[in-house]
Structure formats: C-alpha cells, structure tokens
Amino acid sequence: MFETALTTNDLLFLARGAGMTLLVTAIAVGIGTILGIIFGVVRYQLGAIWSAPLTFFLDIFRSIPLLIQLVLANAFITAVLKIKVSGFTVACGVLALYTAAYCCEIVRGGIEAVPANLRRASRSLGMSWGQDMWNIVMPLATRVALPSWIGLALGVMKDSALVYIVQVPELLKNTQTLITRLQEPLFLLIICGLFYFLISFPIARFGGYLEKRWSND
Amino acid sequence: MFNYNFRWNQALASLPQMLEGALVTIQIALLSMAIGIGIAIILTVFRLSGNKLLAAIATSWVEIARNTPALFQIYMVHFGLGGFGIHISPYFSLLFGIAFNNAGYLAENFRGALKAIPETQTRAARSLGMSAGQAFGHVVMPQMLRIAFLPMTNQMVWAILMTSLGAVVAMTTDLFGVTSHLNSISFRTFELFAIAAVIFYVITKAITLSARLVASRLFRY
Amino acid sequence: GPAAADKLDDIIGAGTLRCAVVLDFPPMGSRDADNNPVGFDVDYCNDLAAALGVTAEIVETAFPERIPSLMSGAVDVVVGSTSDTLERAKTVGMTMPYYAFENAVVVGEKSGITDEAGMKGKVVGATAGTYEAIWLEGKVKEWGAGEFRPYQNQADVFLALSQGQLDATVSTMEVAQANVKTGNFPGISIVAKADMVPDYVALVTLREEYGLLNFMNLFINQQVRTGRYAELYTKWVGEGEPANLTIPGVYR
Amino acid sequence: MIEIENVRKSFGPLEVLKGINLTVPKGEVLTIIGGSGSGKSTLLTCINGLEPIDSGRILVDGTEVHARSTNLNSLRQKIGIVFQQWNAFPHLTVQQNVMLAQQKVLKRSKAEAAAEAEKQLKHVGLGEKLDVYPTRLSGGQQQRMAIARALAMNPTYMLFDEVTSALDPQLVGEVLDTLRMLASEGMTMICVTHEMKFAREVSDRVAFFHKGVMAEIAPPEALFGAPKDPELQKFLAATH
Amino acid sequence: MIEIENVRKSFGPLEVLKGINLTVPKGEVLTIIGGSGSGKSTLLTCINGLEPIDSGRILVDGTEVHARSTNLNSLRQKIGIVFQQWNAFPHLTVQQNVMLAQQKVLKRSKAEAAAEAEKQLKHVGLGEKLDVYPTRLSGGQQQRMAIARALAMNPTYMLFDEVTSALDPQLVGEVLDTLRMLASEGMTMICVTHEMKFAREVSDRVAFFHKGVMAEIAPPEALFGAPKDPELQKFLAATH
C-alpha cells in the first residue's frame, strides 16, 4: 500500500480538484448567503403566512436529495429548455439555492434572537428601518447565526462532492480519475478524505470556538 | 411551450417499482437511525467516561463523521472494509455508512443536550440510591432525548436524503437506485427524477409531520 | 425560407467537434501520466474532427451519462463504446458499428468459477448501464439465483472483484486483459469468453441529424478502407486482427 | 408643546386608550401614575410614533405625529425616550452607544459625536465608563447611559417609562437623581413612574390613568393631598 | 444513629470541613445554621456518600459510609435527602417521580410503588397532583414532592438542605409545615436552614457552623438565648 505510483503531478491534480471543490463551494456559499440573507429578511418581515410560498419553494431544496436536484436541474435546463450551460454553472446554481434555503432559516433565527426592546430603542432614537437593520440587528444577529453558518458552509463543501454527477472535476471526481489510472483505490481515497478533513476540521473547530465564546456573554 | 417531448406515461408506468424503492429507502433510514442513536449514546458515554482511550475513539468517530462527505463514508464502508476482507453487501454498506454518519452527528447533539440538563438531576437520582447507570438511563437520558428530538428529526430527514448515495456501492433497490436503473434503460431522465423528487419530498414531509405528532404525544411535560 | 442549418453545418461552422468519451475504460479511453485523455476513442474522435476539418474537444463522460449529455446538448457526438441497442435507438441515432467487443468472464480465483455457467448463483457485477451489465443482469434473472451488482465505474468493479466482494464479472476482452496485466488487482483471472453476441458499438448523435449520421457512416467505412482502423487497433489493443464490423447475411 | 387630542387605541378587541386629552407645554414636568395595564406605556409609544393610533391626533410642536407626510425619523430626534427594560446595544461600548444615532441620524462627524457623547455621559456621571461594554455596567448605570444616549440627540422632550422599576432598590436613587437634575435644568419631561415620593417632589402636574382613561390630573399637592377620583384614592391607599 | 468522627474535607486548596465531630441519635431533630460557604451542604452530601471525605469517618447505623466495602446505593435508601434546588424529574409525572426509585432500587412492583407513592404524596398534601407534570407545580409543591419521593424509600434518616431558600416567601410556610409534621412523627432529621424561627421551634439541638468548624452546638433555648461563640453572636445579630 505504501509503494505507490502516485507522482507529484498526480498530487497536483488532486489539489486542482480540491481547488475546484473550494471554488464551487465559495461561489455557492457566496451567492447562497446573499440570497439567504435577502430571503431571511423578507421571510421575517412578511411573517409566516405571507411568506408561505417562499418558504415552500426553499423547503424543496431541503427535502429532496442534492443528487436528484443536480440531475433534475441539469436535465431541465439542458434537455427541456435546451439552454447550453456548463455543468459547472448548473452545479453552482443548484448549490447556491441549496445554501440559500438553509441560510434563510439561519438568518431568520438570528433576527428573531435580537431582543425587540433593542430595536425599539434604536427606532426611537430616530434611526430608519435600514439603519436599525444594519447597525443593530445585523451585528447582533451575526453572533447568533455565525456558528450555524459556518456549519452550513462546511456542509455545502462536503456536499459539493456530488457535483461529479454534472461532470465537474472536483476533488472526489479527480480522485476517481486517478483511481482508474493507478488502480490504488484505498490509498487514494484516504488521501482524498484527508484533503476534506484538513479543510473542514480547523474551520469546524473555529466555529465551535466562536459558539462557546459568544454563548458566554 | 418546451421543445421537448415529455413522456410522462412511460415514466409513470414505473411508479410501482419506484414506490417499492421508496419503502427500501424508508427502511434503511429507519434502521440507520436506530443503529445511529444506539451508537451515539455509547459514544456519548465514552466521551463522559473520563477514560482517555474511549474518549479518543468517540471523538475521532465524531470528527471523521462530521468532517468528511457522507458519500466518502459510505464508499469506505464497502471498499475500505472490503480491503481487509470484510465483505458487506450493498444494502448493509449503505445502511452502515449512513448509521456511521448519523452516530457522529447525533453524538454531538447529545453532548449539547446533556449540557442543558442540570447536575442536580443526577445528584437527586443518586441520593435516592440509584446506581450511576440507573440515574443515566432513567433520569438523564429521557431528558436528553427530548432536547435532542428536533435535531434527531433533522438527522432522520438527512438519512432519507443520504440513501441516494447508495449507487456508489452498487445499491439498486432503494428509490434512487431504482430510478437510476430505469433511467439507464429509457433515458427519460427528467421525468423519472422529477417523480423521484416528489416521492422524496412526500417522505421527508411525512417524517417531519409525524415527528411533530410524536413529540406532542411523547413530551407532555 | 432557407433550409435550417443542421448539426453538421453547426459543427463545421463552430470549428469544434465535442465528443463524449469515457475515460475510465482503457484501452478505449483513459488518462496518461499527465492526466491527459488518451485511447482508441480519443484518437477516433480526433480523426473524425480532422475529417470534418475542425478541432476536437474531448468531454469526459461517465457511462451512465453518455446519452443524457448528448440529449442535453453538452456534446455533439458520443464516441464512447456505445452498444447499439434498439431501446437506445428509440431515443438517439446510431451509426453502423465502428468497433466490436468480445467479452470475457473474469473471476476472483477464490470463487472457483471456471466458465460462464459457473457464474450461476454467485455474486456478479459490471459497470452500470453497459452492454455487458444489461446482458449479465438478464442472465441472473434467467438463472433465478445469485445477485447482480451494478457499480458506478469499471475501476470499482475490478476492485470489488479483487476484494472478493464479487465472484465474477463480464467485461470486454480488451479491458479485462488490460486490468489483469497491471497486477493492481491480485487474485483475478480471465477464465472464458462470454457466450454472447459481440458487443457492436456505434457512434451516437441526435436521432434527427441525418446529415451527420450519413457523414459518420461514410467516415467509419473510410477508416476501415484506409487501414486506419487496423492501425488504431494495433496501437491500443495489440497484435492481431481487429473485429470484423460486417454481419454475415444482412445489410446494415 | 405636546398636544394629545382625543386619542383612542386598541390592541385587537382590547381598548387600551379610551380618548385621552392632554397638553404638555414646554418646560413642564408631567408625571403619569396608574395601575398596571392602564395604558401608560402605550401612550408614550404613541407620542413618538412607535405605535399607530386608531383615532384622534397627537401634535408635537405643531407636527401631527401620525400624519402620512410626517418624517417620523426626524420627529423622533426631538423626543427622547427611555424604557423600563434596559436597552443598551451590547455590541457597542458605552461611548459608541451614544454616538451611533448621532452619526447616522444627525449625520454628525465622528469627532463631534464622540465629544457630545463624552459630554452627556459625564453629565449623567458615567465619564469613567466610556470604553466599557454595557454588559459590565450595573442596571442603574445602563439606565443612565440610555438617558445620555437620548440626550445626545438634543431632544426637546424626554419621555421616561418606569425607568427604575427593573432596578435593585439600591440603584434606584442614582437614576432618580439624574431625572431630578434634568428637571431642574428645565427639560420638558413626561415620566411614568411608581415612585410617589419622586412624583410629588419633581412634577409640575401629575396625571392618574385608570383603564385607559385619564381619571385625574392636577398639581402634586392637590392630587396627592386631596384626591377626588375614588379609584385614585384606592390606588394611593394601596401604594402608601 | 449517625456518627461523624473528625471529618475533614477539602476542595483543592480550600478546606471546607475542618474536623467535624457530631453524633445524631435516632429520633433527634438537629438543625444546622451558619453563614454561606461554612460547609453545611458539604457535610450533608458527605453523610450520604455523594462526596468523598479526606479523613475521619462517618458511620450510619454502624456502617462506615466511605468504606470500600459499603454498598452506597443500598445505604442511601436509609438516608433521604432533599436539596435547595428543585430536583423534580421533569419528564415524569408527580407520581412517577415518587415511583421510579422504589421500582429500580427497592425492586417494588409497579402496583406497590404506585400505592406507596400515593400514600406519601397524600401525606405531604399533594394527593390531587398525582398525574401532573412537575413543571406545573409551584416551587413549594415541588419541594413537598421531593420530600415525598425521599419518604417513599422508607428512610431512617432525612437530611434537608435549605429546602425553602429558593422559594417565594408565601410558599415557605407550606414546606416548613411538612417538616414540622415529620418532626412530630419522630423522624430523625438534620435540617440546614436559615429560618431561625423554625429552628427554634422544632429542633432538639441546633449546631452553628463557621468556616468549616462546628463552633457551637446546644439546645435551641441555650443557643439562641445565650450564644457563647462570638461569631454566633454576630450571626444572630445580623439575622434578627
């Protein structure tokens, strides 16, 4: 198992896969978070009843397997609508909405955790809705939401392993390419698992640290 | 509107097969939860035991389960253990892979829930003459399970969604496997997977709703 | 109005031909040490592009994704060892065969299987969606005993076989020989030729693209006629005669 | 001048203000007393437009608070309000708490806002606490910070809603002293309070609310010395 | 009989019990008073073996609590204890709370345990609340339930650790009445309390703890009437 045909070149190939994993994750989490914040604020402002259609739409992304979301979106866009887009675009789009669906709930929870009397105080000092949101609600809601958000971002990073289904050469896909050539599946998979672990673990720990720190005050 | 020939009839003809697949999916999710909860309780006890080795085992389990993709975990159960001559069928590879993942996440939830139960509860139980095990089993654990009930429901939904990863270990009888197989014959990708998506949606909603019902029955305090 | 341009025009106009090729299927398609695509199908696509006067673009595609990626417009043609089944012909357009595989029964040595019949009642598997998978699954149903497992790719099949998770598989002779030769999968061996009709594989494009289908049929004919077919066979498969692409007693 | 004309307000089926009429001229210190749920807090939040009203109108310096055309955000600068529950912004230091609205609403420069904040915080006796986070303050200090925060907007009117009732008894005094100081400086104030001694000392007039009605209003000597309304008599008997 | 012989106990560097000697014969009601942190709670938890001790020994009916060979779980049946913080099991009804340990520790049948629970709950005045969950009980009712739960194990001794100090003043009476009733029935009891009046009324002897030392022990008339220890004098002056 330790005599391997793996070359530095192949390791670079894996690292490129890891880079693709991170790129897809970054784009999806970036767009998804922005959408999630917008949806979350809308959801909070409208209340449960008026935002029901939005809630239902977002809930779909949390209720069916990501793999099916990817296959369906790809089939729908390219085969039904006959629009030519790359697998990369489909992957980023689906993952972004998937992120937004979870992020929306995190944002709403964060806003709800800001005590009403603080918001009353800021409004009665003459601050506008936007100023209140930006200067009071956002900093306080962020403390509540950040640990869960970090968890979400890591979840999306791990789930991005599934975008192989739309032919995006991410970490797991590149690992399989090497497996096909080198035929050393276990060794390569352990390296692949290590890549994931090394990206995820420190960030997860940092999230746990933030949670601990902020829950004390 | 679309320049695409939808062939819903052809896809809908496969509905009975897909529903059978859905039953397998539910079965795997339920079993993986049962196993996952059992292991999570053991891991939680390990982490509280004060024994360094046991705690390290439990912590590694939790960290690996939480920091690598589920797809990877399922693959490793099948081919990883296979490398040591332990042969696990696709069904059980998928089941154990999901159970491994469940156990890791649930153990973390249980730890959080335990923190929320005051120490006085154990004291009160011990001073009535209960053994440490009895105090944990009859007093602490029921309360812990209640606090962790919502996270457990979420994990159950994820378990359902994770069954879709069984294809990597040649699993064919679950909903995703059945759908992929039908797709490889007829290539009605959109129609088939749209139906599968609806079935998955119904299952997950049914779980969330029945969990709410169970919670209102179970936790009357 | 003017006749609508067809795919053939589109390709020539665009200057690129996008081929779906399976790259975990040596010697037909794989990656070299720099992880660049190589293989019989890769060369075949390049030849086709050259004949069209355009440049080729190789799009790596998994077996189960070949036809979906064509249908979705991600590629123009599939040069991916696609068996010309009638079921598929309902959805896509097939050329005449450009290659034919013979299949081998490959077994784990511990299983004690020595021929095709020995697979009855055992755990067998193949790559999901392939010709041999469909054949093998049919066999298992026919025998009414044993178990069939479709893995996602060829590498997993041989890994499972080598670990003893599978007792036997059926794969193309070329693939079987290449994999046994690497020595990466100890304990597996080829015991027999599978008793099945050779797996004739065709180039695939959209059903209605007659212009392109017509062009490709002639192209396949020319490949044989000019000796390029035999040349590629020697380069990728080895010494010997490439399979005969005509079927006695019938016209295509 | 704050003019309240026949204001009515309900929460669902519950009528909380049943036609209130009240004028508070500049320079007056008005105290409102009354039982729990009598509508005192609701009236204050209507005055600065945090709550809509059902009928009647409220004029602040001639501007109708609930008119569509009114810019509430700029009106609210004129009317400082401090609530019972502490409402320090926990993520900002004491000085930043006082600076924020100055910068955002009055568009003061950072330096100006900082100087004003320091001045007001010194005024309420928190000159030492500028860089401290509010969680480190006692309840009384938090309330005084809230007062400074409102004063930094240079309001014409100050509304206080039971600012001492969530405080430990030993902290009440310091906050009341701050209110006394403001009264002596001529600030126009409406104070809802349960502190009868304070009401008696500081007020120009005292109003008694009962079930959404202003049952009696008079100078403190008259109201406490010779209460006319029978409910007020009961109320005073119970609180003595 | 509970015999405490020269017991010492530290938490890290902090010596909490500095050599306590005390004998409580059957039938006695002993009250322990003393300032916060003087070691009263610690002594109680040492008596039933919830905390280990550093030196000395404690004998309950001749059995050494901290000996290796002692079966603590069965010893603890003899010694009921009720703590200051409410310790009802929230997931069980009131009756189930009282039944659990009977079934698990004494191996009583469900029916026996239910009957005993009902009897003890009626005894403490909770006969109406059998099927209610403890969260629906007032603090005083929760404490009485905890007492019934301990009594259902038919203990020989009962230890009470400031069972009223987390209660609202109006609820204290009902719990003290329950203790009085137990005392009058002849139960051997050690009560840690801040209720001087109660201590004076009920106790056979009162012990005063100060900084880990039992500074004085005497019948209530003597201890309250003519305190000798100067710290006790201070303590009593402060609590009067």
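A, B, C, D and E label the chains in the order they appear, each numbered from 1.
Quick note on the criterion: a residue touches a chain if its C-beta (ideal position, glycine included) is under 8 Å from a C-beta of that chain, and two chains touch if they have at least 3 such contacts.
What you are looking at is a predicted structure, and each value in this text was computed from that prediction instead of being measured.
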Each chain counted as touching chain B and chain C at once:
A
As a test of understanding: of all chains, whose mean C-alpha position lies farthest from that of chain E?
C
State, to the nearest whole Å, the distance from the C-alpha centre of chain A to the C-alpha centre of chain E.
55
Roughly how far is chain C from chain D, centre to centre by C-alpha average, rounded to an integer in Å?
83
Rounded Å distance between chain A and chain D, as computed from the means of their C-alpha atoms
46
How many angstrom between the C-alpha centroids of chain C and chain A?
37
Touching at least 2 other chains, the residues of chain B are 79, 83, 189
Per-residue overlap in chain C, given as positions that touch at least 2 other chains
68, 71, 156, 159
Note the residues in chain D that touch 2 or more other chains, in rising order.
none
All touching chain pairs, where touch follows the definition stated at the start
A-B, A-C, A-D, B-C, B-E
Where on chain A is chain B touching in the complex?
60, 62-69, 71-72, 75-76, 79-82, 154, 158-159, 161-162, 172, 185-186, 189, 192-193, 196-197, 200-201, 204
Under the touch definition given earlier, write down the residues of chain C that touch chain B in their complex.
64, 67-68, 71, 87-88, 91, 125, 128-129, 147-152, 156, 159-160, 163-165
In the complex, chain D touches chain A at residues 45, 48, 50, 73-77, 79-81, 83, 85, 87, 89-91, 100-101, 104-105, 135, 146, 149-150, 153
Using the touch definition up top, name the residues of chain B that touch chain C in the complex.
78-79, 82-83, 85, 87, 89-90, 167-168, 170, 172, 180-181, 183-187, 189
Chain C contact footprint on chain A (complex, rising order)
7, 9-10, 13, 74-75, 77-79, 82, 84, 87, 165, 167, 169, 176-185
